[in-house]
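Take a look at these structures.
Two complexes, one shared chain (chain A), two partners (chain B, chain C).
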Partner chain A sequence: MSEQKISEASGPVAAAPVRRDPLALVVRFQSLIGLVVVAIGGIIFSPRRHGEILFLNPDNIANIVRAVSETGIIAIGMTFVIITAGIDLSVGAVLGLSSVVTASMMISGGFGLIPTILAVLVMGIVFGAIQGTISTRFRLEPFIVTLAGLQAARGLALVVSGNQYINISYGEGPGLAPPVFAVLGERLFNNTVPVATLVFVVFAAIATIVLNTTRFGRYVFAVGGNERAARISGVPVSMVKISVYAITGFAAALAGIVHAGQFNFGSANDGMGYELTAIAAVVIGGTSLFGGAGSMVGTVAGTIMLGALANILQLNNITPAMQLLATAAIIVLAAVLQSLVRRREGLGR
Partner chain B sequence: MKTIFRSVLLAGSCLCVAGTAYAAEPLVKACAKDGQFIIGFSQANNAEPYRQHVNDELTAAAKEVPGFTLQIADGAGNVNTQTSQVDNFITQKVDILLISPFEAAPLTPAVKRAMDAGIPVIELDRKTVGDPGKDYTAFIGGDNYKIALEAGKYTAKTLLPEGGEAAVLEGLPSSTPAVERLNGFKDGVKENAKIQVVAEQAADWVPDKAQTAFSAMLQAHPDIKVLYASNDMMAAGALLAAKGAGKQVKIIGTDGLPGPAGGIEAVAKGDWAATFTYPTGAKEAIEMSKKILLDCASSVEPTVTVDTTAITPENAKQLSGK
Partner chain C sequence: MSAPLLSVTGAVKRFGGVQALRGVDFDLKAGEVHALLGENGAGKSTLMNLLSGVYTPDEGEIRIDGKPVTFNNPREAQAAGIATIFQELDLVPSLDVAANLFLGRELMRPGGLLDVPAMRREAKKRLEAIELAIDPARLVADLSIGQRQVVAIVKALSYASRVLIMDEPTAALTVGEVERLFDIMRKLAATGVGIVYISHRLEEVPEIADRVTVMRDGRVAGVTEPNAPQSELVRLLVGRPLDELYPQRAQSAGRTLLSLKDASFRLARESAGWQPPSGISLEVRAGEIVGLAGIMGAGRTELLSALYGTGLAGRWEGGVAVDGKPVKLSSIGAARDAGIAFVTDDRRGSGLMLRMAVGLNLVMSVIRRISPAGLMSASRQADAIKQSFGQFDIRPKNPDIAVGALSGGNQQKVVLAKEILGNPRLLLLDEPTRGVDVGAKGEIYARLRQLAAQGLGILVASSEMPELIGLCDRIVVLRQGRNVAEFIGGVDEHTVLAAANGREA
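Let's turn to the complex of A and B:
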């Protein structure tokens, strides 16, 4: 952290550097550029049927954006945390816990749709806030605290579910969930736009506004840029840190609800490894793990890029091994570009 | 007005004709003896050795048929990934969808979408919600309960006729095969009232957890004579624990995987007492695909149960040579 530059502490300035280094510009938009590259590649290498490019088939596009919506929602929350130079490893487990609580509240608890959703979202917020509080109060690395949080959430999910998975069936009466909940697995507007994707897009839009236009957003950048400077200039550092973990908890709970609705199912094992996919999307999106700089649009583009890449590889029947290797290469490339920019800025001063 | 009425009538009668004709129509309209067909297989999780074995057998069986191209997608143990892969297969308009769903309910809508798109769905080893022949074309697989029941009976009659203590290593708790195999074995050993099942522990299908769990069991119950492991991997881990404790325990595996690290070899070497194959159904699935795509079948057997083979010291050497 010691290599952080003071200038970054001044908040949004970091997000909009005065000096336009071309490399910095590339890095800022790296995931958008990457998304465009993958999309062009997808069009070129897409299998065709009767001249139609399968990759651009509306069903296929809907499939891509549906598949990434859960990890996307989580990645948006994760962006806040990573900009403060933190990390949250508990999100996949909180998704599992939320899917289980959602299912059991509606199926065995007999709760309605609104109380269930509110309760699960509040649970996510509280879970995240507790992790944030422990981390700031006892000055613990968020890595450790959220690693423990991961175990705790999986354990709680097993307790709530009684080691079973919970199927969600719909209808009126006890033991059945309100049929409207199933809408999360459907598509709107003439069967084109997956509802899960809508949730993702709306959440992304709100998060972008919060991060880029509010005082809280500026605080998030300030804390990540230089915590001491932020504290001296009156930023409520602890409060900001606790809040960003509450946001990831909220995001994971939201993703858990979407998961339960899409798959009519709650299982303690769900969401395994989602934290790593989300972190990958955030890093590819140009957010620095050192904190202080990052972009919400980048995260969204990074998320969709990973989904589009997986899609085009499968359409061409390329093995899953190649998919992992391609993702690895992209993560390394994104990280290297970032470090180059940091070094150049460092040399420039 | 009259013309409209007439055309409605006409349309109605056409529908009737179409309706009756449909019953005898082939499941896939583009079926042909010498056609080129793509078979999409949506696998639950390639990381499990048993599932890799299924992939290998399917690949081998599909290669035998000149017009068949097999595409395998790995769901990586994630219902979201697997759902999107099924949707990809639908976009590609594969000619037949084979699927081993990672979980039943979550993959049910995706299977319905494939059926609605006119793609026959053959479910391998695991089912989605609904009935074969209606909600999906067919189910091919083994019967976990029956396989474990056979293992239990074998223990009761052959391994422990005089009775004694037995133990069970369960798979991932709350997963369907884990529960079925546990119950099957326990019901099987009931044939011999002198056998007591003194310990049951979950080891999540993996050898390292099995080794730890069985070491602890042997500490608590030094007289365990038979261990039933719900898959071959856990049996391998249990063997390490038994060796470590210096105990002679008769170990039974499940799956009967081939190859140097598999269960058949372990029985042939005398390390385990037996293993019970969990048939992949790969050959049967390709046979059924041939019926649908090449022979234009209008219906197929909705449920095909493939039987287990007991691998014992008597037949293991012969089978491992194969």
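Let's turn to the complex of A and C:
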């Protein structure tokens, strides 16, 4: 369901108010509700030290939102693609490629910060647009095109890096990155807000506006709602599809830059599996894999919820294996809830 | 007199606050074809679902051979001998006919292997029992819709064999296939099977039914003979006489909006079963509703989709002009720029975003207009939605619910309203009332006539001859992609049919 509410604006048309299905409301805000539930659970089950709830410790909160910023940025882009009923599996690999290119441009290439960032972002956009173009031009499933894209990006990253970590050293002069780049690993405002999180939040805010208030955003919903109907209505379907893959490419490149800045190196093998975490966050956020319905706020909440859940499990020294199982259960729960609502509305089977 | 094969007395069914059935009595005799008619929402699907065990009644009872029964699920209804064939046939297209017939009850060899030859033999026997020569090894995907329908019947009958409930079985069939289906139904009835036949098509009723029950507003409006006059059936269906299903014709027509002069659509690649316009000449003037008649495959749909750019790739040759200007009409964008709008015959597949809200669907073709500088304007969107709700009586009057939850008639109004919002000069309609109930049909016809009176030109393709004759000012008959005859609206049906089939009237 789109976040947009029509009846408020349409005045006398909405003569007959329909009873809202409570389950539909739960699903509409499922990721926010989930986030609240996880937060409460976090408080209850959090280990305490000297009476302090460790889960609520500002450092811990900052850690949670910092840890999810990269997959969060990717999930924001992924939301556009999934609303068009597509999928982009290449994002994790593009993140790896982007971290490598960022590091090598500054360290071996001697490029400045701004040219490097611009070049990497353009590379991400072009990479995504090429995948979108191949998929629309040859009518291929995005699944298969971006699976190939994943391999291509990893391959390119290995070529660029020579399968080595490219460490980023800071300073003035050739072979060194400008010290300001290291800010991506730091916190601002009295050492409270991680810069990586700020990038995530700003990107999410812009994406929310684009999705919900622009013509392009409406086209995205239309293409996912029914591609043929959209085409007949004059929506430039191919342009929209190419654009959403350019957006995921941009998001993955942005995440790659943040990754390089946070960890001070570029690595061809980083970002593995990020695409799946991002898809999980999007689905938990209430966006339908069938397309045509979704919400950016949901994706952000879904991302943070997954991070908070991992955090509380870690705080209690629960094994990574159990963390995976918990994530699995949440994905299934989110999907089941959505399916139930579809069936109640008489739209699913 | 012995008890009827199947009877329902005083059936009541509520869904939340909605009373779908308000005390329905219905009975079916062995060997009878009993037609069940009703508009969308009249309760016939609910009744069908009670009989087939999908729902249980809140009040009232179901009897078989006079003995009360309760079905908690479709399996129990099947066990009692009631088989139901839903509109969406539950066949697996990628499996062969025999595999479909035995799906879930496969014949096995010892050791847990499928006994394919035995299943094929048995399938062949069952198909031949109703004189249908389909190779049981063929994939269902390769069968025509009519053949699939028959396979579904055979499958249903192999579960249960006393009562057959058929929901709109002829909706997707050609005339020839309908005849075959009716033959099969008569044969089955002759063996003592009772058939409940649910349909929208009034004209089929006298041909196949022995008795007719008409439902309205969750009640039985009347039980009549099948050869009751159509006007009587329509009165029962809608609860009032419907003398004015078709509006008055236009007084005069204005300037020429669409002109085809010996125009052909050259396909980039030939395609079997797609009859492109070839050497067609016709005109649509402002204020006029022009109908396209023709048998299946005459090229009605193909003409509309070639004009709008949704069909196969190709280009127009010969004289094609819109509003006096020669045009190429090479793409959807070109057609829209020329002021042409198109309403597809497949509203669920290519007309609507079913899971999206009614309001969002309505503004779909005017997104550009309501998003100045690329930003969606909530007030312009609200105005557009209001305008559509003012033009069409879309129910429920709520733009926020998913369009897929609306009835067929209301969905069709949404598709129409959507295109009309774009202020086209020329409207192309393909089967504008397919699967739409009589009441909504009347409203759609009246609205189309009103729009024409305001200067819109309308070109409508339809396989329903009475609709063309009643609605249109002129009817152009197509055969093999070209116009072979033209009649003034109100002409008698046989004359048009004769021209469509290439015979002298």
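Details
The definition used in the following text is that the second predicted complex is superposed on the first by the 327 of 349 C-alpha atoms of A that agree within 3 Å, B and C clash if a C-alpha of one lies under 4 Å from a C-alpha of the other, contacts with A are read in each partner's own complex, and residues count from 1 in each chain.
Rule of thumb we're sticking to: a contact is a pair of C-beta atoms (placed from the backbone, for glycine too) under 8 Å apart; a residue touches a chain by one contact, two chains touch by 3 or more.
What you are looking at is a predicted structure, and each value in this text was computed from that prediction instead of being measured.
When both complexes are overlaid on chain A, the residue A:Glu70 reaches chain B alone and has no touch with chain C.
Using the contact criterion defined above for the overlaid structures, shared-chain residue A:Asn226 touches chain C, although it does not reach chain B.
Once chain A of one complex is fitted onto chain A of the other, the partner contacts of A:Tyr165 are limited to chain B, with no touch recorded for chain C. Once the two complexes are laid over each other on the shared chain, residue contacts for A:Val235 go to chain C alone; chain B is not touched.
Looking at the shared chain after the overlay, A:Gly41 reaches neither chain B nor chain C.
Of the two partner chains, neither chain B nor chain C is touched by A:Gly109.
By the touch criterion defined above, A:Pro178 lies against neither chain B nor chain C after alignment on the C-alpha atoms of chain A. Chain A has more of its residues touched by C than by the other of chain B and chain C. Residues 16, 308, 310, 332-333, 336, 342, 344, 349-357, 359-360, 364-365, 367-368, 371, 374-376, 378-379, 381-382, 385-386, 389, 396-402, 404-405, 418 of chain C are the ones that touch chain A when the two sit in their complex. Chain A meets chain C in the complex at residues 1-2, 4-7, 9-19, 212-219, 221-222, 225-226, 228-235, 288, 290, 292-293, 342, 345-347.
Chain B meets chain A in the complex at residues 46, 71, 73-74, 76-81, 83-85, 87-88, 90-93, 103-106, 108-109, 129, 172-174.
Contact residues on chain A toward chain B in their complex (touch as defined above): 47, 49, 54, 57, 59-60, 63-64, 66-67, 70, 161, 163-165, 167-168, 185, 259, 262-265, 267-270, 272-273, 307, 310-311, 314-315, 317, 320.
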